[in-house]
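Chain lettering (A, B, C, D, E and F) follows the sequence in which the chains are written, and residue indices restart at 1 in each chain.
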C-alpha cells in the first residue's frame, strides 16, 4: 500500500475529491496546512507595519491506497489540481506497511477499499 | 499575594519608595480637608428644579459611556492583540471599570468635583468621600436640573475610560497585579487633579481659571491618557520581538465591532457633556458625527494613497481619531469646524501611528500615543480656532480671547497636562516596578498573559 | 411535528398528564374572570399627565433590558458552552424573546398587572388580554406619567429575561421542542403569579400585602429563575461526561462581551424600575454600579486567594453576582449598603459555583443556581438590612418594620418564591418530559445540539 | 488611483457616461435653487418650545439607529459571508456610515427635508447645504419640540442604513472603489428624492401629496434598498460557483448578535419616528416588538414544517422580516394588526429567500430582496389594512380613504419607489461599471475581498 | 521504528490517549482533520439552500514507536477507538528511518522512549 | 528522497524556517498540531473546575528533500529549534518513494528542488 499525500490550493479541494472518487477512492483525510514554497505570499499592512504573510493557506489530502491504484490516483490528481500557475502543490508517495479498519479489524487492502 | 519574592536589599528600596508613594498620595486628601471655603459657584438661582428630560438623557449618556469601555474599548483593543493575550485586555478593561468605580465612590468624585478646599485650583476636598451627603433628592451642584447621583455616575464613566485607554500601550507584557496598583495610584494622583483643574468651577485651567476650552475631555481624558501611555512604554520597554516580528491583530472583526461601539457610545460622551437634553447636546452630537465621519475618510484616503489599499483597521482608527479630536471641541464648534477637525485628525493621527512612532521607535502596542495623545492635542488646538464665531463656532469666551489668545490658553492647558501626567506617571510606574515588578517574565510573555496571568484561554473552538 | 413517536401505553399517560396540565393552566384565567372588583389603587389624583422625560427614560430602559437578553445573556451563556452547542444557546434566548412577547401580549401582561379579580392576591385577570383597551393615549395605571404601552413593553422585557436565565442550567442537553413547551407553561404558570404577588398593588407579597421589598426583581426574576433552574437539572440529569470531563468555555471573549452588555443593560433594569427619570432612578443607577464593581473585586479577590490567579470568567461572574444581588435593593439602599451587598455577593456566589455545587453534585451547566438563586437570596435578605435608614437606606416601610421584622418579610417572600417556583417547575418539567421527552438522545448530545436540533454550526472559519 | 487602466475607446465612453452622470446629478440642486417658495407647513403655532424629554428620546433614538448599522447590520451581514470576505462587509458598513454622514451634511439633509423649491413634490432645495442656518437653538421645522441638530442627526441615520442594506446583495464580489462611487450617487440621486417625496410636507407620495402611509420607512428604506439590491445583482452577476457551491455562513454567532442588535436598535427606528417621547412612541415600540416576535415564530414554524428543523438563521431572518414589515405600519396599527403583520411577514419572506429566489435564480447573496423588498412591500400593503380603526389601527386618514382607497395609495407609493429606484439604480450601476468596473477579477474573488481590497484578514487565531 | 497514524472520531481522543498511555506510549502528536469516507455527512440548510457537509471532523493521532511496541499499540487503539459504527476510522503503519529528540540529540528508539 | 517531519514549539517556527532556507530548502508544509509528551500542560480553572490542558500547541513542519540534503537539514533544525528545555520536540525521517510537482509534472528530486 501507498499513502499519497497531496498539497493543493484550497479552492481545488472539491475538484480533486471528485476526481479521486471517479477512480474509486472513497477514503480521504483532509487537513488545513500552510505552505511555504516558490509562490510568494502577499503583504498585509497594520498601521504602517508591513507584514509579509509568507505561509499560504493550502489543503493537504491524504489517501492510503492499494499499489495497483497508484497510477490512476496520481493521474487524477494531476489533472484536477493543476492550474498551471506557481503554487499548485505537490504529490508525495510514501510506503505504508499496514492499514487497519478500526470498526472491523480488517487489514491490508481490505481496510482501504 | 501581590508581592513577589524580593531580596533584602531590594526590599529596603521598596520600603523607601512605598513611603514616598504614600506621602504623595497623602498630599491631596490633606490639602482637601485644609479649609472649608465658601459655597461654590452655583447657588442664588431661582430655586433649581429637576428636569426629567435632562435626567433621562444623562441616565442614558451614562449607560453609553460605560458601554464605550465595556465592551467597546475592550473589544477594540482585544482584537488587536495576539490570541494568547486577548483575555488579558478584556480582563483589564473589565476590572479597571470595577476598580475605578470603587475609588470614585470612596474619594475620587469628591477630589474631582467637591471644591472649596485650600487647594481648590488643583484638587477638591474629601467632603463627599463615600458619596456622603448625596441623597435621592440632591441635585447636582454643577448641573442643577439633574440628580447629583446621576452626575456622579456620569462623571464616573469618564474616570473609568481614561485609565482603560492607557492599557493599549503596554499591552501584552504587564503583570496584572502591577497594572492594578498602577491604575489605583494613577486614578487618584493623576486623573483627579487634572480633572479638577479643567472641570471644577475654580480649577486652574478651566472656565474659572485660565479659560482653556475642553468640552468633553480632550485634555482630561485623551492627552492625559495618551501621554501616560507614552510614559508606560518608556518604562516597561518593548515587547519581545519588536520591531522585527509582526504582531498582526488576531481578530479584526472584534476590533471593528469595538470601534463601532465606541462611535455610538461617544454620543453619550460628547452630547452628554451638555448635561442636558437641549440644543447644545444636539449640536454636540451633530459635530461629533461629522468630525468622526470626516476623519474616517481622511485616514482612509491617506492610507489609500500611501499604502495602496484602504484597510478596515485604518477606517476604524480614523474614526477613533476623529472622535478624540472633536471631543474638546464638541460644544463649541459648528459643522464646518467639525469637517476641518475631522480632516486634520485623520491625517495627523495616521502620521502618528506610522511616521512618529517609527521615528522614535517606542513600542506603543495599540497606538494610544499616536491616536489619543496626538488626536487630543490636535483637537484641543483646533478648538481654539473653530470655537470662534468667525470660524463657525459658538464660544463667546473664545471670541473675547481672540484667536491667538485662545490658542495660547489651549496650548497652556495641553502643556500642563502633558508635563504633569507624564512626570507623575513615570514616577508611579517606577514605584510600582520596584514594589511588584511591572513586567512578566520572558517565558510568560512568550506563553501569553491569558494562561500565565489568568489561567484561561480566549478560544477553545475544538473543545 | 412536535410529538415524538409514542407507544400506546405511554400515549395514554400523556393524555392524562396533558389533561392535568390544561386544568392547571385553566385555573388562572377562570380565576381572573371570576370577579370584576373595584378599580385599582391609583385613581382620584389631580389628573395624571404624561411626562416626556419619564417616558423617554422608560423607552430607553425597555431597549436596555431587551438588550440584556439579546444579545447580552445570549453571548454570556453562548461563550460558556462547547462549540457544538453555541447556536442552541443563542437560538433559545432569541426564540424565548419572541415566544414570551407573544404570550405577554395575549395574556401575560393582563395576568401580571391587571388586578381586581377574585384572586387578586395571587394572579390578575384577563381583562387586558390581547392588550385590549390600551390605546395610544392610555397612561400606565401603575405609573401615571408614562403611556401604558411603554409600561407593557418595559415589563415584558422582564418576563423575557427570566425564563431565558433558566436555560443556562440545562444547557447542552435539552430538546428545543421541549424547551419551547416548558417555557410557555412556565411563563404563564410560574412567572405570572410570582410577578403579580410581588409587584401588583394587591399582590400577596409586595407593598400591598406582606410588605417584602423587591425593587427590580430579586424574587420575581432571580430567585424564581434560579430555583427553576435547579429543578430543571434535577429532572433532566447531568451532561454526559460530567463531572469527569471538563467542559471549558469555547469562547471567553464572547462571554466577557455578554457580561459587559448585561452590566450596561442592567441600568435599564434597576434604574428603569423607578419608572421615572428622577433621583430614585439616579440613586438606583449609582448603587447598581457600586455593588457590581464591588462584587467583581470581591469574587476576583477570593478567587485569587483560593485558586492562585484571578480569571476573566471570575470577574465577569462576580459582576453578574453583584448585579443580581443589588437588584431587589437598588431603590432602597445607599452607596454604603451597595458596597456591603457587592462584597457579600461576590464571595457568596463564588462559593455557590464552587463549594455548593460540588457539595450536591448537580450539573448546573452555567451556574444559574449558584449565581442567580443564591445571589438573589443574598440580595433579598441584605435589602432587609440596608434599606433601613440606620444602615444608609431610604425605605420608611423597612424602618417601620424594623430590622428583624423586615428580615422576616424578606425571608417569607423568598421562601414562597422558592417553594412555589421549585414545585411548579418540577411538575411542568415532568409533564413536558412525558409529552415530548426533555432530553436529546446520547448520540445527539455527543454530536451537539447545533446540528441535531438546528441543522447548523456556529463557525465555519475554513469555508 | 480610483480609475483602473482603460483603453482609449473605453475611456471615451467613460467620459461620455461621466458627463451624463454629472448632468443627472446636477438636476436636483439646480431644481432646488430654482425658486424659494413660501415657508413650509409648520409656523403660526403658539410659539414652539423645546421639550427636554422629546429631545432626550430623539438623542437616544439617533444612537440606537446608528447602532443598527454599526455594528448591528455589519455583524448580521458579516457573519453570513465566507471568512475571506468578512472584513469587506464590516468595512463597507463602516465607510458607508462615514460617507453618507458627509454627503448628508453637505447636501443630503437639505435635499431631503428643506422644501420650498420649484420641484417641491420631488426634491428639496440646497438652502441648508452644509447645514447652513442651523444653530444651537434652532428647532426642527418638522418637529418643533426638538433641536434641528437632533433632527438632522436622526434622519441621517436612516440615510446611512439604507445604502448599507444594499451591500448584502452584491456581497463577496464588488470592488470597494466601485461601491464607494455607486453609494455616493445612489444616496444623492435615489435616496434623496424618495425620502423627500414620502416624508417632506409637500412630497408627492406622503401626507401632503398622495397620502400613502409610511411611518418609519417601508418605502423610503426597505423597498428602496431592496429593489436597488435586485438591480445590483442583475448588473454584477452571480458569485463564482453559484448555485452549485454552497456558501455557508462563516460565523453564525456573529449573525445572531447582529440580528439582536438590529432588533434592539429598531426601537429607535420605529418608536423614534414619533419624534417625541409620548404615547405614539410607546405604541410604536409595542407593535414593533409584537410583530417582530410573531414573524420570528412564523418563519420558524414554516421552516420547521418545510425543512424539518428550525434554524437560528431562520429565527433571526424572521425577526428582521418582522421588523421590516412593521416599519411602515408602526405608528398606525395596534397590537392585533402587529400580530397579523408579523405572521404574514415571516411566512412571505421565508418564501422570498427560498421560493422566489430559486424561481428567478438571481444571486442575492444575503437576501436583501427576499427580506427587505418583499417584507417592505408586505408591510406597506398591510399598513393600508391595519391602519384603519376597524382593524385596530389609529389612522384617521386611512379611515377616510377607506380600505380600498388606502390600499391603492399604498400600492402607488410602492410602485413609484420600485420603478424609480430600480431604474435609477440600474443606470448608476452601469455608469460605475464603465467608470471603474464593478467587479473584482476572478482571481481576486477566489482569494477573497479582504486581502485583495483591504490587505487584511479577519482572523489570525494562530498568530 | 514505525509511525502509527490513527484517524478516529473526535470524542474518542481521550480514551485512545489513555489506552496508549497504558501500553507505555507517552509521545503523541494530534491534529484536527476532516474525513471523507463511507460515513456520510449531515445536511445543513441555509435559507433553503441545502449544503451537505461531506467532510466530517476527525482527529488524527500520530505516534512514532519502536518496532516491539507495535502490536500492543495497535491492540490498544483498536479497543479504545471502536464504537462498531461506521466512521470509526483507520490505523496506518508507516516505516520510520530515524527519530531524533531535538532537546538532547538522542536518536533511534531512545528518541521516542 | 526523505520526508523530514519536525515537531517544534510554535515560537520557533520563524527560526527553523530560516535555518532551512539557509541550507537551500524552499518547500515546506506547516501545520498546527497539539503535542502530548513529557512536557506537562498547564492547568486552567473554570469556576472551580480544574481542567488540565494536556495537549500543548506545537507546530509541525514537513519537508521532502533529496537524500543528499538530509544531514544538512537535520543539523539546521537541531540548531534552530533547540531551547534545551523539555518539549522542544522531535525530528522523524520517513522514506518517500516519489514526489511530483503538480504544476509541471516533474518527478523525483526535481520536484522538490
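The working rule: contacts are C-beta pairs under 8 Å (C-beta built on N, C-alpha and C of every residue); 3 or more make two chains touch, one makes a residue touch a chain.
Here the structure is a predicted model, which means the values were calculated and not measured.
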item	value
Shared interface numbering between chain D and chain B [over half = same, under half = different]	different
Pair joined by more contacting C-beta pairs (B-F or C-F)	C-F
Geometric centre distance via CA averages, chain F-chain A, whole Å	18
Centre-to-centre distance between chain D and chain C (centres being mean Cα positions), rounded to whole Å	36
Whole-Å gap between the CA centroids of chain C and chain E	46
Centroid spacing, where centroids are CA-atom means, of chain D and chain E in whole angstrom	52
Residue list for chain B, restricted to those that touch at least two other chains	51-54, 56-57, 60, 247-249, 251, 277, 307, 309, 311, 313, 455-457, 459, 461-462
Contacts with 2+ other chains: residues of chain F	31-32, 44-46, 94-95
Residue ranges of chain F touching chain C (in the complex, touch as defined)	44-52
Chain E - residues contacting chain C, complex	11, 14, 42-46, 53
Sites on chain A touched by chain F in the complex	2, 6-8, 31-38, 54-55, 58, 60, 74, 77-78, 81-95
Footprint of chain B on chain C - complex, ascending	51-54, 56-57, 60, 64, 82-83, 247-253, 256-257, 259-261, 263-264, 267-268, 271, 276-283, 285-286, 289-290, 292-294, 296-297, 300, 304-305, 307-313, 315-316, 318-319, 334-336, 339, 394, 459, 461
Contact footprint of chain A on chain F as seen in their complex	3, 17, 26-31, 64, 94-103, 105, 111-112
